Structures are given as C-alpha cells and as structure tokens.
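Multiple structures are listed underneath, in structure tokens.
Next, two complexes with chain A in common: one pairs it with chain B, the other with chain C.
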Partner chain A sequence: MSEGARHANSRPQGSRIDPYFDQYAERARGMVASEIRALFAVTARPEIVSLAGGSPYVTALPLDVVGNMVGQLITERGSVALQYCTAQGDTGLREKICEVMSLEGIRAHPDDVVVTVGSQQALDLITRIFVDPGDVVLAEAPSYVGALGSFAAYQAEVVHVAMDDNGLIPEALEQAIQRLTAAGRRIKFLYTVPNYQNPAGVTLAAERRPRILEICQAAGLLIIEDNPYGLLGFDGDPIRALRADDPKGVVYLGTFSKTFAPGVRVGWAAAPPAIRDKLVLAAESAVLCHSSFSQLVVREYLATQPWREQVKDFREIYRQRRDALLDALSAQMPDGCRWTTPAGGFYVWLQLPEGINSKAMLPRAVSSRVAYVPGTGFYADGDGTDHLRLSYCFPPPDRIREGVRRLASVIEAEIDLCTTFGAMPPHGRAGPETPGPGDL
Partner chain B sequence: MTELDHVVVLAGGLSPERDVSLRSGRRVRDALEEAGVDARIADADAALIPALLADPPTAIFPAIHGSYGEDGAIREILALVGVPYVGSVASACHGAFDKPTAKARVAAVGIATPESVTLPREIFHDLGATAVIDRIIARLGLPLFVKPARGGSSLGASPVRTAAELPTAIVSCFAYGDTALIERLIDGTEIAVSVVDLGDGPQALPAVEIVPAAGQYDYTARYTAGQTAFYIPARLPDDALDAAAKAAASAHSALGLRDISRTDLIVSESGEIYFLEVNVSPGMTETSTLPMALDAAGHAFGTACLTLLRLAAARGN
Partner chain C sequence: MSEGARHANSRPQGSRIDPYFDQYAERARGMVASEIRALFAVTARPEIVSLAGGSPYVTALPLDVVGNMVGQLITERGSVALQYCTAQGDTGLREKICEVMSLEGIRAHPDDVVVTVGSQQALDLITRIFVDPGDVVLAEAPSYVGALGSFAAYQAEVVHVAMDDNGLIPEALEQAIQRLTAAGRRIKFLYTVPNYQNPAGVTLAAERRPRILEICQAAGLLIIEDNPYGLLGFDGDPIRALRADDPKGVVYLGTFSKTFAPGVRVGWAAAPPAIRDKLVLAAESAVLCHSSFSQLVVREYLATQPWREQVKDFREIYRQRRDALLDALSAQMPDGCRWTTPAGGFYVWLQLPEGINSKAMLPRAVSSRVAYVPGTGFYADGDGTDHLRLSYCFPPPDRIREGVRRLASVIEAEIDLCTTFGAMPPHGRAGPETPGPGDL
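Up next is the complex of A and B:
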C-alpha cells in the first residue's frame, strides 16, 4: 500500500454509513436486510417456479378492452379522474362496492364505505385508530403476513387462535379471550380471514359463524373480517359474510385486487358509523385522498364491463390450477407431508415431515429453482417452522407440476439431512422475513 | 487510454446474492454515468449473449456475486463472446471462489490461514454425523466457524462456540451448498483489504475494520446501514496494517487475480494475520468495503471503475 493511500485518511473514524441510525423510532428497529428477502429477489426470475407469490393472474383480463376503457375515461372525464377527491372516496364507486358486497349478503349504504389503497391500507388505518403499543390483537394461527406487518408496525401483541380444517375454532377463541381478560390485557379486535384463508386455504364453517359472532358480541370484541377471496370460491354461491349478520360488530375489508387487478390498488372498509368517521379522518391524514384515477377506473370497469363473468373466468382458471397443485402433491410429496384442500382462493398450506424446517430449507429450494413462503412468516410468535405456503394462482398448471416435482426432491433431500443430523432448531438471528408485495 | 463507446455492467444472476449484485450493479452504473460513460445493466440470462453479439460493448464490468458470477463461469462466457471485461480470468476465479483451494494456495506462499477441514454433505450421511462431528471438535477444538466452501455474503455462515451448536451450523451451511468449510475461529480484528490495479500494478487500499453491532458480520449486518461500524484505516498498529496490505497483495498475486479483489482477514489479538477468503467480484453497495477503501485512498469511485474499464478495453479479450 502506498503511503499516500494509507494516510489519505490518517485518523481512524468509525462510520455506520447511516448518520441517522440512532434516530429511528423503536418500531423501525426490525426493518433490516434479511436473507429471506434476498432469496425472494431471486424468485421473480422466470427460471424459478414460484409457488410463493400471491399475484393474481391478470393476464386473463381483456387488457385491450380495459385499455380502451381507460383511454375513454381520460378523454371524457379526465378533469375528474386527474383531480383530488374526498378522503372517503368516490361516491359512485362506493355505490358499486355496496352492490359487490350484496353478493355476500351485506346490506350497506355507500356512506358506510371508506375507499382505501387496497385492503392493506384499511388494515393499517384500523390498526392505527385502535391499537396502542402493547395492546392485544387476536388473529388466526396462522394469519395473513401483511396483517401481521401492520400489527407489528403499531407495536400490537398478536395472540394467535387455533384453526382446523373448518377455520377458527370457537372454543379456542373463547378460551383466549377469557385467559387474556383474566390477565388484564386489552384485546382490541379479532382479525380473521374467514374464506379461503391466507395462508391456510381453509374456510370458516357455516355452523361456526354464529358462534364466533356470539362470542365476540359477549366479549364486546370488534371483528375485522378481511375477505379478499370471497368471490373466488370454486363451488356454489358466495359465502354469507360475517358482517351480513352483525353490521355493528364487524368491520368488513374488501379489495378489487383479486376480482379485477391489484395494480389499481383499490380496496375498502365497510364499518359502523363511528368507526367509519375515524377511518375517514385517518385516511385524510395518511394520504389526503386516494387516487381519483384508480377509483374511476374501477367504477367504470364495474359499470361497463361484464365483471361477474370475468370473476367466473378467474374462478375456473384458479380451480384448474388448484387441481393441478393438489394432484401433483398427491403424486409426488414424500410420506409425512400433509396439506389443506382449499375450496377457493389462492393457497395450500403444507405441513412438512417432523423435524424439517421450511425456512432453513428455502435456500436449497431456490437453488433447485422452486420457491414457496416459509410458515414462520405467518406467525407473530416464531411458530410455523414446519409449514410452508404454496400458491397456485399465478403459474400455469404445467409449471405448477414442475414446481412440485422440484419441491418434492428438495424435501426428500432435507429429510435425508434431518435423518443424518437429527431435527435442528432454527439457526441464525431472528429477523423479519416478510416477503415483498408480490408474495402476499 | 482507450475511449469507451458504451459499457455493460453485469448484475443479477440467480444466486441468493442476486439482490446484492443488483445493488452493486446499479451503484457501478450510476457512478459510470456520472463520469460521463454510457453504461447499461445486463442480467445473466438467455438474453445476454444475443445482446452482446448484436451490440458489443467496449468492455464489461462484472458485478455478479455468488455462483457463476465468481466461480469463473460468466467470465468463460465473456471470453467466448470475445468482449473485454474487468477482473480476473475464469481459471483464477475457479481457485479463488473455492475457499479451501484459495486457502491452500495462499498458505503455500506463507500467509497464515485458520486450520480447517472441508467436508461434503455425503460424508456425514455415510460415516455418521456424530462420529464425524466428534472428530472435527477433537481436531480443531472450539470455537469454530462454519461456512459453505463456495459462496459469499455470509449466507450459510455461522460461528460455533459450543459443541452443541456445530450440527445446526453445518445444516445451515448445507442450505447454501453441499460442501462445508469448518475452520478454527480466530478472535481478533476483522478487516477487509481490497486490491486494485489502476494501471500501476496491484495496490492494496486502506484496510477497513469491521465492527458489527450484533457481534456477527452476517447478512443483516452487511447490508443494513447502521448495523456495522467501519473504521478506515483499521485501528491497528502500522506494522499490522503493513502486514495486512502485504497479505492481501500476496493473496491477489498467488491466486493469479487481476484488476480487483477483496481479501478478508483477521488480525489476532497477538497480531498475527490470518487469511479467511478472497472475493473476485467484491460488493459495490453502499455498505460494501471496497468503495469505502477507494474513497479513503483518494480515488473517486466512478473514476476508478472507468479506469478499470479502459484498462480492460485496452487489454482486449
């Protein structure tokens, strides 16, 4: 090394690169780079069969028709579509949203509805107005990773409630409420995805629904009913929403991400009046107002396009892909694996043979050109190591079959490793492993 | 010096280091554009060769990390296509990327490296993990450091302080590769010494001392700004800094490397310098040590990248 080089900076000075590192809020402490996120960067490549992402198959939309519709919208009503609007959202769209919700038995007035940036923002706003640090939120075990992210951002303590193949178990809910109440804990709400749940794929049985409402009513507990997949059931009519039977005790979250397109980022909350008022104020402080353009695109789509027929097309596509996944799993998964059979939605929840850790296995899977989401991402308490989520919504059936073939081989190799070394506890530092938006 | 028409920064790839590589590539591209060069990023995919043949760049700056970014494969391709590139030739990359091979070659020129064993996954299966692990500990003692024999960014790497931790560390390592390098962990000052040849022969840049807040320089500590403190030059006596610079330059030379490399070293509490590994496609991200060292040595990052590309173009393929 030259002398000049060495002495160019002769006084050793420590640098942490980020001069504001000590000034971040406590809740930003966990926002760090992680190996899992790095692996998900690879899964976007076409060489990888990604059974991880929950991206809807928007290619099935009549994109030319939508394109013409959007062009016409701008030409004819651009001065509205490109202008600010109210924080509650476009009135015409809210009327249409009420029509959509009526398919699930909900009778709502447009005044009950707040338009949001996907239902994810509704989750954020709900948590913002209800949760103080340390408050308890009840959620299914496992639960939607995006919801857990919102709850963590507001420093809620998530207590998971057991599910089985028929969804949330009423007795487990009752016991959790009793236990937490006895311990003096403040439970702010129950968060549930009752239909074709993300990640478990299960649906809350009809006979359990009145009991769940009854338990929450008795405890004075608000229910947040997140229903992104409600219209994507493969059999029969849409399932009656919880809010249909208790509009005062249930906030319903909906989205057009699955029935139309996630790129428009339009969702909504239907809430009791007092909660709605706070949501509107919270939305106003968060974003002033939502995208007029996106709202009018959705409104126009619902008003002028055969959207119910499009949803039927989506259902048929997803049914075929679910069948391809289930058939491939039955044919190829090693002994000891078990999985759910979803009647709609996007996901299968797979349990690995004893001792196999899905998070530890992910690098090997990605090396073998297949990806999934490790189960731990769906728990706030580190549980879920022996599970993984498989998504069938995006890859076509032949890619799904190839992905399962690769995954089966990876699991078999992992079983061999486990046999060699014995079951291993998770290794490495704890850290966030939330997948990116496309993986939700 | 050769004028550059347009250049390509290779970034991405399919290894677990893809995200890091993309960040490295974007930083190199931005620095080159600031220096007035038409620089474009290209991924290592099926579109690469046709694109290079259709519109050959004056030179290529490879910023792909991990397998085939650093094992020589992509350089073989660049040689086949006939485009000049920055960095070491494929055969040198082969030896450098394989950590046990690199350790042996560096040790052969008198640089200390922690005692180690290299074992494939099958050996644990065939001979029994317990028996093999017992012999490892009996031979090397504790503490240990386990990492994949081929790979980077600390993926699959972990320290082992107790015997009970070793099986888990080996299993974690096998998630990223089928061969484990298990070496004695040397407590001391962790430093990275980059070597750059900007036309006057390989020069060691100031040593960067690495002090991770959580104690371990793992993936999170490497790529989260604020999680690690860097000291330039390292807080070591002058003779230790000199020795570290010589070790890095010797490693660069012994492995037949060209243009650019980064050697990771540990300076033990008694002052002895140990070679850990060398990187032929060092990270170029905001938290990477080579750009910091260039800056400390008075070299603007973009200018240095530009010089390396011009030298590569002049050299030809």
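Up next is the complex of A and C:
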C-alpha cells in the first residue's frame, strides 16, 4: 500500500483542533513530522557527536576568496544577478554543468539541462510530472530519505529493490518489474543513487550497469540517476554515469551541494527534450525561476576558481574521515555488527546485532552524546529497524572516533539488555522519517 | 471545468514522438507552453519597448554597497551561509519579516513564518496542501498568471469573482460561494491580491475589507492574501493587511522581490500554526530547504542597510513611471480604450475598444516594437481577450512614452481594420498563458 494511502486510511494525522483539518488535500495527510525530529534538534548541541547529518564540510572552502568573488559579482553584474531569470536557468551555468557532467562520460547540451533548487527540487518536479496517486516508483532498499519524501508527497507507492555490496541487484529489479507488471501496476521510474549510495554507501558495480540499463530499456522504464557524490570517489577517476550510455532513457540529477556548497541550493536535471520541457513548465509553476544570484555565483565559481582542486581537497578530507570511521568501527564495535565500506561519498550503513532496534536505541544514544539516523527513515515500508546510517562528512576524525566509542558502548548496553530481557518490540509508525534538512 | 480536466479530456498536448507521452501524470497534461511564449523571447531585444515584463528596477539599488555587504557576509559567516538550514527558514530573517509585516498592521511571531523560494513557492505549497483535483479556488477576475499556473498544476478549478475599481466585489464573492456550495463543490480558498493588483492595478477599498473577511469567516473559507506590492503604494502609509484583522483565517504571502531584489528568490508565508506545520513539511519535500545564502543576504540587508529609504526611492521611481504611462495613455490612446489608475505597484489594465483582440494584436504590436501581456493570461477560463496588461516598472519614462505612442498606433490600425472587416474572431486556446518568469 502506498504511503499516502496508508496514512489516509488507517492513521489520519492532525487534530480536530485544527480548523482546516477537513480541508487539506489527500496528499497532505501523509505529511506528518517524524517523531524523531525533536530528537534531532538536540543533536546540534556541541557536546553531542553527530554522525547523523549529511552536511558537507563547507568550512574547507576559501571563504575570503569566495566572499571577494561574490562581492565583485554583485558590484559589477548586480542588475542581472538580482533580477528574475528564465525557469530553465542561466545559460552560462548550464554550459558549465555540461562540462562537469563530461567528467562522468556524459555528452549533453546546455539545452538538455534544467537548473533546480538543489537536486531535491529536481526529484520533486520529476515526481510531479510522472506520478499519479498509487503509481509505483522503484527504489533501492534502502533509499535516500529526501527522495522518499518527494515520492510520498505525490502519493507514489515505493517498492524497494534489493541491493548488496555491489549495489542494485539486476535479478531483483527484473523480478520486481515482472511481479508488478503482472499485477497490473503502473511503474513510473526506477530511482537509483548508483555511486556511494545514501544511506548504504555502496556503489553499483561496473559489470551490473549494462544489465540494469538493458532491463529498464526492455521494460520501457525511465531511470532517475541521482548522483550527488559522483565526484567524491576516493579511488581513481569518476565512475561513468548511467546516462552516458543511455541519454534517452535516463534523467540525470546533479548538485553543487557537495562539490561547492549546499547553501546556494543549485542542482540540476539533464533530461531528454520532452521531459525537459515538462520540467521547465513544472519549475515555473513551483518557483517561477531559480535564484539568478545563486546561479551566477556558482557559474562564477566554476569559471574563475580552481574548483577541481577544491573537489580533490574535499575528497581527501572525506577519505580521512571515512578511514577514521572504519578504523574506529573495526576497533570498537561489538560482535554481531556489520557495516559497508564506502569508496566515496559520506555514509556508512551499519547493521545491528539481532534484536536491537535502531530507533528505540536513539534516545539512549543521544543521552550518551552520539547521534545517527535510524534505518527506518530510508524505507517506505517500515523496514530498516536493524540498521542505522553513520555520516563521516562533517565531524573531524577525532570526533568521529569519540562518537564511535560512545556508540559502541550504547550498542553493548543494548545487547546486554536484549540478552537479559529479550528483543525489544519494534515501535512507532513505519514510513519515511524525515529528520530535517540538516540531517539528510 | 478545471484546467487540468479540460486539457485531459479534450486537448491532450504532446506527441507520440515523445516516448514518455503515456507515462506522464494526469496533472502534467495541463503543463503546456503558451503559444505566445516564443513571442516574448523577442521582447528582450533592445529595439522593443517592453511594457510586458514585471521586472523590478533593481538597477536603482546601490550595487557596490550591496556587493560589499554580501562579500563580507561570506568571508565572515560563510560556513553558515553556504550550509543547509531548516525548511522553515532562518530565524533571524523570520524576525525581520515580522518587522516588515508590522508596517501593515500584522502582529506575527517568527514561528508563524515560513520562508519560501519567492512567494511563488508559497502559492505552490499552499495549493499542494489544500487542493485535490477538481477542488475550487476563488480568484479575482482577472488574477495573477503565476498563481493560476500553480492552481492548474494541482488541477484546481479556478472560479473568477468580479472586481471593479474598488477591488473584489463582496456581493459577487457571496454569490459565487452560495452558487458553488449549492452545487456541492468544495471551495478551498479565496486567492486575492488586495493591493495594486496584478494585473488590474486596483486596490480593495477599505470599506469592503471587513465585509470580505466576514463573508469568508461565515463560509469557513480561508483567504490567501498575496501582497507583493503592499509597500509600493504612492499615497500615504501602507494599507492595513487583511491578515491584521483575521490572523486565523488569512494566510499572508510576502516577498522581497519588489522591495529588494527578485534574484534572491526570498518570499514567505505567514500562516496559522496548523497550516504552517504543513507548509514546512511540504517545503521540505519540495526543496529540502531554502538557500541559507539568499536568506542571510536579505537578513543582512534589512539589518544593516537603510532599506526603508530604498523602498521610498523605489516608490518614487515607480510613481514617476506610472505618471508617465497614465499621461501618455490620456494623450495618445484612441477613443474606446479604458484603463485603471493604480495607486501603487507596477500595472495598468487596459480595455480595448469593442472587437479588438489583444492576443491577435500582439504580433503586430511586437512588429511595431512594443510589447504587453494579453489579458487572456490572467483568466483561467479564456476570458480577457479585450484586455491587456501594461507594466511601467522597468522602462524609464521616455521609453514608456515611446511605447505608448507605438501601442496607440497599433490599436488605431486595429480599429481601422475592425471597422473595415468586422471584429476579429478570437483564436488560440483558452487558459493561463504563462509568458515566462521575466514577464510576470
């Protein structure tokens, strides 16, 4: 059953105290704040080591240089930077975006690109133009919480497809398509984060990629390739994008949030012409146009600053932090814990020993001054109770090690409790748990 | 019949050449580019006097001062300005927004405010949380084209309510509610631009305001008060907002696009708590969060710059341009033309003599190097063929006068044609015609 449908039928949220309760659209019934949201507010406290948030380490940017660049931009071209622009986005920026995508083997024209308010808006617009209530979206198990939020907002039913350490499993995809098609369901697209996946940290193996494309082509199924971390691989050159080998069947989503700064909210979609046209119209009704200011700042940054060197610096910082996290996990985690080994990006996905519930454990972890995101946030169907996501992007290595020490103690205490009293019952509602923008 | 329904049933747009044609959501069928859009691209040429676009005159800002301010902000607080923030928006900015709204008699708490990507996003989110396909939205006749675009994207049926020179007519509102309620229709809200309306340039009279509130309260009908031009009145103090007298029944939408700069895309909604909560969740699924960067720039601008003086300067510039337009219209327009007299804002709404079609005339106007927006863009139901919107916000007075000279010649030629050959048949599809962000 879909998220929207589930909430609407069995758990109407809200209250008769709200005079507009009966007035909301059907889709709004699924819009409920996560019960763990309040807890996440606490994790901003300095005494807590947050391994929850996916905030890039923007402090590594040369802020004075960027400040000068931005100041000069306004002084010299403020009458453009402060004005409206087109809904498709600044042409010069779209040219630069094509250069960036070429690093992953994509040959695109600026006309193919729509600039969006972060890649989140691209997800929202794609879902808006494709998804009617009850339509199926295929997504990895687990999948990015922000994408699940967009799919839920349009009352899609998310069907998860199994992954392993080599990413999405082609046979599982094939079976899901067959099963759903046989059941008469309308599948609108496959949503995938092929590189350094959020939250699982795994990467789709090179040998699986042609097979995934083939399966989707055979089924006439569009692929949404979300690649925020593509340039943040720790080994060798960037991985060739799926879109590089199937520009007609893949909509590619990119962002400058991880290679430059999330605060400018500049992402993009590269799409086949017909879909591109719909995206532009949808963007126009959603926000009229993106910020010229943000777009010109990014364009100027790419044109005048050594951004490739900066990305190398980011990679080195994140590699050190990943190493710190993996070493600490190996040294500290009790038996029965398993975790992934990311070759890039921000995240490690950790499986808890049998019987330990990551959501039930979170308040105790926060009491012990460490935070993570419980696995249930990354499933639309309530799965993930035995997993949690650890982010190594923001805290420095020493803090990461301290965080893992604290987390290990918490898990050990849970194991003791579990051994003494038996497994904790799962509790709380299932479904995407949006911990808030800072934690994604 | 609703926009969405009309397009879906009788005019499927797109082509079988588009391999995804059968895959789009129902709502996407109404997303079609206006046939006049191509024409508007031409109006950016320097030889054309564009009285079409609603672009504020941002060149009047002290760009060097703003540039320095922004540069310093990044240098000193870049690690916050370039990072993610919360979906509700920066707290300091929301405090400043409450100060701004207090100029219109609104007493609001920063908690009541959600920062949005321009007020267009506020319109989108409000519609997203309230409107199911086929629900009715009441709007003035004519109404803002961008709002009509948002309503159409969620398959609302827009029912227009008559205005006169004193704004929305209370009796017409009352009758519309009665008629629709009797017909069993679900009306979700009244959308109104009470001050210096876009496109009509009229203002809701003070004596009508309590009556409008009373009618909506009696019907349990939410009011969406969109007030982008509220501080740009040419006479006396800002007009008291509807929300000032009914904070529970009115969602107020504001923007810094006209008092500072549209390029930062900072708008807001001030809403009752339950609606505010839904808006925050909807914003999160739409864009994760707004740009910290843009928000801090606006906050800094309000905190450190003489922004009230700047608004006075803007008012003076726009007043001169309005005067230039009105004087030129009085001097040049042929008999049979009528137009409104705006006391603020950006727009004059002009009625053509009987039998002249503003859309059919547009190509000839552009050939004569003058542009406007045909009236049909401001109706969801195909009305407005005998009207057009003139904007005086961007071109300097001399250009405005030249533009009116050219327009008067075009209209005279149309009258001659009409006298010789009879009235032109209306042509083209009805419905919101989105001329593109620069022209709104």
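By our rule, the second predicted complex is superposed on the first by the 412 of 440 C-alpha atoms of A that agree within 3 Å, B and C clash if a C-alpha of one lies under 4 Å from a C-alpha of the other, contacts with A are read in each partner's own complex, and residues count from 1 in each chain.
Criterion: a contact is a pair of C-beta atoms (placed from the backbone, for glycine too) under 8 Å apart; a residue touches a chain by one contact, two chains touch by 3 or more.
Because the structure is a prediction, the values reported are computed rather than measured.
Enquirer: Is A:416 touching the first partner chain B, the second partner chain C, both, or neither of them?
Expert: Once the two structures are laid over each other on A, A:416 reaches chain B alone.
Enquirer: Quick check on the superposed pair: does A:184 touch chain B, chain C, both, or neither? Answer first, second, both or neither.
Expert: A:184 sits against neither chain B nor chain C.
Enquirer: Touching A:45, do we find chain B (first), chain C (second), both, or neither?
Expert: Only chain B; A:45 stays clear of chain C.
Enquirer: According to the contact criterion defined above, which of chain B and chain C contacts more residues of chain A?
Expert: Per-residue touch count on chain A favours C.
Enquirer: Is A:18 touching anything from chain B or chain C once the two structures are fitted on A? First, second, both or neither.
Expert: both
Enquirer: Taking the superposition as given, does A:33 touch the first partner, chain B, the second, chain C, both, or neither?
Expert: both
Enquirer: For A:382, select first, second, both or neither according to whether it touches chain B, chain C, the two together, or no partner.
Expert: In the superposed model, A:382 contacts neither chain B nor chain C.
Enquirer: For A:360, using the defined touch cut-off, is the partner it touches chain B, chain C, both, or neither? Pick first, second, both or neither.
Expert: It touches chain B, and chain C stays clear.
Enquirer: So, A:236: does it touch chain B (first), chain C (second), both, or neither?
Expert: neither
Enquirer: So chain A touches chain B in one structure and chain C in the other; where do those two contact lists coincide?
Expert: 14-15, 17-18, 21, 32-33.
Enquirer: Considering the complex alone, what residue numbers of chain A touch chain B?
Expert: Contacts found on chain A: 1-2, 4-6, 8-10, 12-18, 21, 32-35, 37-39, 41-42, 45, 47-48, 360-364, 366-367, 369, 416-417, 419-422, 424-425, 427-429, 431.
Enquirer: Can you name the residues of chain B that touch chain A in the complex?
Expert: Going through chain B, the ones touching chain A are 14-20, 22, 45, 121, 124-125, 129, 153, 155-156, 158, 167-172, 174-176, 203-206, 209, 211, 214, 216, 218-220, 222-235, 241-242, 245, 249, 286-287, 292, 296-298.
Enquirer: Can you list the residues on chain C that touch chain A in the complex?
Expert: Contact set of chain C toward chain A: 14-15, 17-21, 23-28, 31-33, 55-56, 58-59, 61, 63-64, 66-68, 70-76, 78-87, 117-118, 120-121, 124, 128-132, 135, 146, 149-150, 152-154, 188, 220, 222, 248, 257, 261-265, 272, 274-275, 277-278, 281-282, 284-294, 297, 434, 436-438, 440.
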